[in-house]
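In what follows, structures are represented as structure tokens.
Okay, so chain A shows up in both of these, paired with chain B first and chain C after.
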Partner chain A sequence: MQLFITILIDGLTYSSYLFIVSVGLTVIFGVMKILNIAHGSFFAWGAYGAAYSIGLAANAGFPAWFGFILILLSAILVGLVLGVIIERVILRKMYDQEEVVLVLATFGIFLILEDLILLVFGVNPFFAYQPMAYLGNIKLGGISRDVYSLTLLAAAAVIAIGCWYSLNKTKWGNILATVIFDREISLAIGINVQAVYTATFVLGTALGALGGAYIAPTVSVAPGFGIDIIILSFAVVVIGGLGSIPGAVIGALMVGILRAIAVHQMPELELFVVYAVMALVLIVRPEGLFAPAVARKI
Partner chain B sequence: MRSILFQDKTIFWMGLCFLSLAIAALFLPNWIVNNVMFGLARGLAVLGLMLLWRTGLVSFGHALYFGIGAYGVALLEKYTGTTDIFLRLICAVIVSAIVGYLLGFILRGYRAIFFAMLSLAFSMVMYGILVKMEVLGSTDGFSVSRTTFFGWVPESKYALLLSLIIVCMASAAFVQVYLKSSLGQLSTAIKDNEIRVEYLGYSVARAVHVKYVISAIMAGLGGGLIAMALGQVDPDSMVNWTVSGELVFITIMSGAGSVVAPFIGGVVFAFLSTYASEFMPHAWQLVIGATLLGIIFFLPGGIWSLIEKLWKRGERHHG
Partner chain C sequence: MNKRLLSLGKGIAVIGAAATMAISAVPAYAQETISAGIVSFLTGPAAGPFGVPGRQGAELVIEAINAGTMPAPYNSAGFGGAQMEPTYSDESGGNAKQVAEYRNLVEKQNMDVMIGFISSGSCMAIAPVAEELQRLTIMSTCGTPRLFEEGDWQYTYRTQANAVGDSIAAALYVREHFGDENGFTGINQNYAWGQDSYKLFGLAMEHYNPSIAASDNPQFPKIFAGQYGTEISTLALDDAHLVHTSFWDGDIEAFVIQALVRGFFDDKLVVSVVGASAVDSLGNQFPDGVVMGTRGEVGLLVRNAEPGSLNEWFINAYKERYGAYPMGPSYQYARAVLSLKVAMDKAAETSDGVPSQDEIMAAMNGATFQSFGGEISLALGDGHQAIHPVGYGITKWDSEAGEPTVTDVTFYPNECLYPPAGQTSADWMAAGMPGSTC
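Right after this comes the complex of A and B.
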């Protein structure tokens, strides 16, 4: 029973974290049809920004709760700066290219951003434990857990509901749906497609950075931080269906819980199960488990 | 077959280039020879990717076969003690061919982003196994002993370089002949319009499958040879997705214009990364990334298109 609870909590916190990172990836793909490898760097930049600024704030004597504001701020800042520059300067010139060429371009951006991290922050790892220490521990099912990781669950839930609401219930969501369905028609009826693209990319970037910023206090932030997570979030969005937000929820839950089971029962299979499921889903249902049915345009 | 081999201009010039490289290597310092070896070995894998690229397919998981070749060589030594070059190469070819043949049945039905994703997933499955299994060396991998030639243990690396050149030469000639065959000429046709190819009476799935197996073998050979050149195999520098990305990058940089291009691209990449990491240890990926973007923007035909341009200009001047 205790093992079951441990696996469940581990799995759910890991899923929440995966979801926050992957939802940005899936939003960008859904609207812009870009499978963005650079998303891993956004994640790493968010983590570095949060870890660095929390360290600075702690040294300057700010209270520990201030760290939460800094986490949010780093995500927004990374989204605005990197998102706008990359979309406006590089990607905008490439929208007529094939999807695979776009993937490669984002791989180039990924490499550049990885080294910019080294140039800006150096090679030494950062620790920003203050927010985690501030919230302390709680006993759950007889096991001591840090409250900070549990807040991830709440954050993921808020983001999921927020995305669902703004996509389905707001005017902005309607505009987005129109652009996704047909870019040319949207242009013709007066939607500023360029602005929609920029806004989407900034939003996706900020979500990726938020994932990194949120996880930063629980780990040591070191070079190469974004390399593994990007392929894991590829697995998440592929399992759930590229471009689908409910799909990202399901994908993140599956990957998170499978991984938690593997870590506790058969550690050798930790990575294997995730990618095996990804391959399996692609073989059986390439469009993903929860992808919406697409009407073929003629 | 015989007539093509002797009439084909590409094969003639390529032979001349490889021959002069073999002679020049006698006088070149060790670090250059090493870089040339890494470049040529990667070039083999890139040759395979180029075949797929010509059909419009990008495999984002060819590190799978690169790793299979490399680990094939390492495990062959671990379990049988064999270090002979022929047995090592045969092992790399057979294992990668079998895996490529089996996965080909699945992958041949996929195109574009789904092909890239599924090959990525397969390669990450292999990565996941290698990283976590103690028996397979875990993250440390294995060391690979010096290659022997029928019991002869050469002092310098020249013998290995020479065999590498011969393998590259043979593979490039094979691919050239294959591309001239009707099955090979379907490449661009499939890229343009699959349905028409089907109407012509060819099976697109079979053509893609053949291509996939050839490219798997090339990557397996490249991986086996790089394991021999490095004397070491490990998952992060041979099977992780970044390696697949690197190989695709070299493919784009080389250009798909000729079977020689991958080797030029491979060697350029080897020197580019050595120099960049020498002079800017924290910024060599930045250089690589910027080069990749630059090529996508300004030189979509890759290095080969530059060479072709210079070649034509030279011909105009002389003729």
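Right after this comes the complex of A and C.
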């Protein structure tokens, strides 16, 4: 029973981490049909923003809980600054191009942003452990757990419900659905598609940055921080279906739980299970488990 | 460069140098330069704790040797009289990129010598290319024993010992200080270094601590995975109290941050073979009581330098220049540069003018020289692979000094740690380490 509880908590915690780091990717693809390689850089910039500001705040004597506010502010700031600049200056000029051109463009943006990190922050690692240390640990299932990682569960749930509600129950969601369905019709009925695209890209960027900012207190934030996360994020959203929020939830849960079982029972399969699940889903349902239905234009 | 290591320059420069020599009795090679490619991680997660300190160590010593400001016995200016011109290169990007970059530095930029390499993967990939291009290459930091146990390299040298010494010294330290442990497990990165390190530690434990059983569930997460929550849970559930780790770079820091808040270090005894960079980077957040190694007489374990020693000069000069203590890689890169000076000075004594690459290699083969922390002997791999004592200590934060320190430091001599020439580490260890004096 202890092992079952441990695997469940580990799996859910890791699933929450996966969902938080990949949801921004799926939001941008869902609306804009851009496979955004620069997502890893948004993640890294969020992490650097949080780590740097939390370090400054700690040195200035601010209480550790203030770090949570800085995590949120870092994500919003990165989303607004990078999101607006990249969408308006680069991507907006390329919407008429084929999707592969946009992928290459985001890859170029990724490389530029990675080099900018080196220029701005240098190569030494940043640490922002204060929020994690502040929350301490509790005993669950017979072993000690850090409370901070458990808050990932709540954060992931809030983000998932918030995204789902915004997309399905609000006027903004209806507008978004119209733009997703047909850009030309949206323009014809007076929707400011450019503004929707900008808002979506800013949201996706901020979500990517939030993933990095939230993870920052648990790691050493160093150059190259955002590279591996791209592959993991793609695995999650491909399993769930690119562009689907519920798909990202299910994809993250499948990968997280299966990985936890593997680590506890057969550690050598840890990586294999992640990509085995992805391969299996792609064989059975190439568009992913929860890919939105695509209307055929005549 | 086919015949001579040092570039002689254009004909007129040679004539000019000869004229100068005739007038001032300065050796001809005193006017020459040697170009060196210095390779370390300058970007990526290994840059901060390993690559940049390594580069800084090389830079400091190259400048001091060029200027003749190092203490005796290295107070003569230059490398055999020649000035070194370093070109620094990034080790990030994987083995294929490293091989391409190595070819570029040697074939297009005409580097006379290549120095560095942190990752075992890089070293294994570069050694065959060094042979192909016939270019003297001094590996400074990588640890896999397979480099010279699976290859017979003429142009490659390694001025630091391999992972065998780390593993045996760790097992000896456990026997001496924690002989009543109930079992051991491990968390190591899932590539050559992590797998080799844990395997060799297991063999050494079997020999020196047979009553401490190995766990059947050691962890091998992907390198640079960053999140270790599940692995920490698995280790926490494991009955084994001792946890071996060969984590380095950002992985050791992330692991410590995540494990510390869960009280992991209160419940387990962690033996870290090369994680000392995290002791400095995390400061008072690094837990007390971790058994810490530095692979040799470098870094954290040798900070209490004897007055007037080479080590004291290095520590003071490094702190003055970079505002921090030199870390293990700083020593390792500086040591690799030093080995070239030793060989070139020796070769220059008998060379008719500028020593050739062959003369330098002949001087380097099997050499023994004084490094910053102790003596280095190129005793294995047909005189290409260094051996040196390896030690461990127990981490402790010194709140008065406001800096990390170690207690109960013990170094184990070469005679305990390395197999005889011609035998692989794993075979020697499996055979019960015949000839070991420990």
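As a working rule, the second predicted complex is superposed on the first by the 298 of 298 C-alpha atoms of A that agree within 3 Å, B and C clash if a C-alpha of one lies under 4 Å from a C-alpha of the other, contacts with A are read in each partner's own complex, and residues count from 1 in each chain.
The working rule: a contact is a pair of C-beta atoms (placed from the backbone, for glycine too) under 8 Å apart; a residue touches a chain by one contact, two chains touch by 3 or more.
Keep in mind that this is a model prediction, so the values were computed, not measured.
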**Study point:** Combined model on chain A where chain B meets chain C, clash or fit
**Key:** clash
Check your understanding: Which partner does A:Ile283 contact after superposing on A: first (chain B), second (chain C), both, neither?
Key -> first
Exercise for review: Give one of first, second, both or neither to describe whether A:Leu187 is in contact with chain B, with chain C, with both, or with none.
Suggested key: neither
Point to revise | Partner chain in contact with A:Val158 - chain B first, chain C second, else both or neither | key: neither
Review point. Is A:Leu271 in contact with chain B, with chain C, with both, or with neither (first, second, both, neither)?
Key: both
Exercise for review: Please work out whether A:Leu118 is in contact with chain B alone, chain C alone, both, or neither, and reply first, second, both or neither.
Suggested key: both
Practice item. Determine, under the contact definition given at the top, whether A:Val100 touches first (chain B), second (chain C), both, or neither. Key: first
Exercise for review: Look at A:Met132 in the shared chain and tell me whether it touches chain B only, chain C only, both, or neither; answer first, second, both or neither.
Suggested key: second
Check your understanding: Just which bits of chain A does chain B share with chain C as contact spots?
Key -> 118, 123, 267-268, 270-271
Point to revise | Residues of chain A defined as touching chain C within the complex | key: 2-3, 6, 9-11, 13-14, 17, 118, 123-125, 127, 129, 132-133, 135-137, 142-146, 148-149, 215, 217-220, 222-225, 228, 259-260, 263-264, 267-268, 270-271
Revision key, fill the gap. As the complex stands, chain B meets chain A at residues 56, 58, 60, 106, 110, 112-114, 116-118, 120-122, 124-125, 127-129, 131-133, 240-242, 245, 248-249, 252, 282-286, 288-293, 296-297
Practice item. Under the touch definition given earlier, write down the residues of chain C that touch chain A in their complex. Key: 42-45, 47-49, 51-52, 92, 190, 217-222, 224-227, 229-231, 233-234, 236-237, 249-250, 253-254, 257-258, 260-264, 267, 281-282, 285
Exercise for review: Note which residues of chain A are touching chain B in the complex, please.
Suggested key: 35, 37, 90, 93-94, 97-101, 103-105, 107-116, 118-119, 123, 227, 231, 234-235, 238, 242, 267-276, 278-279, 282-283, 286
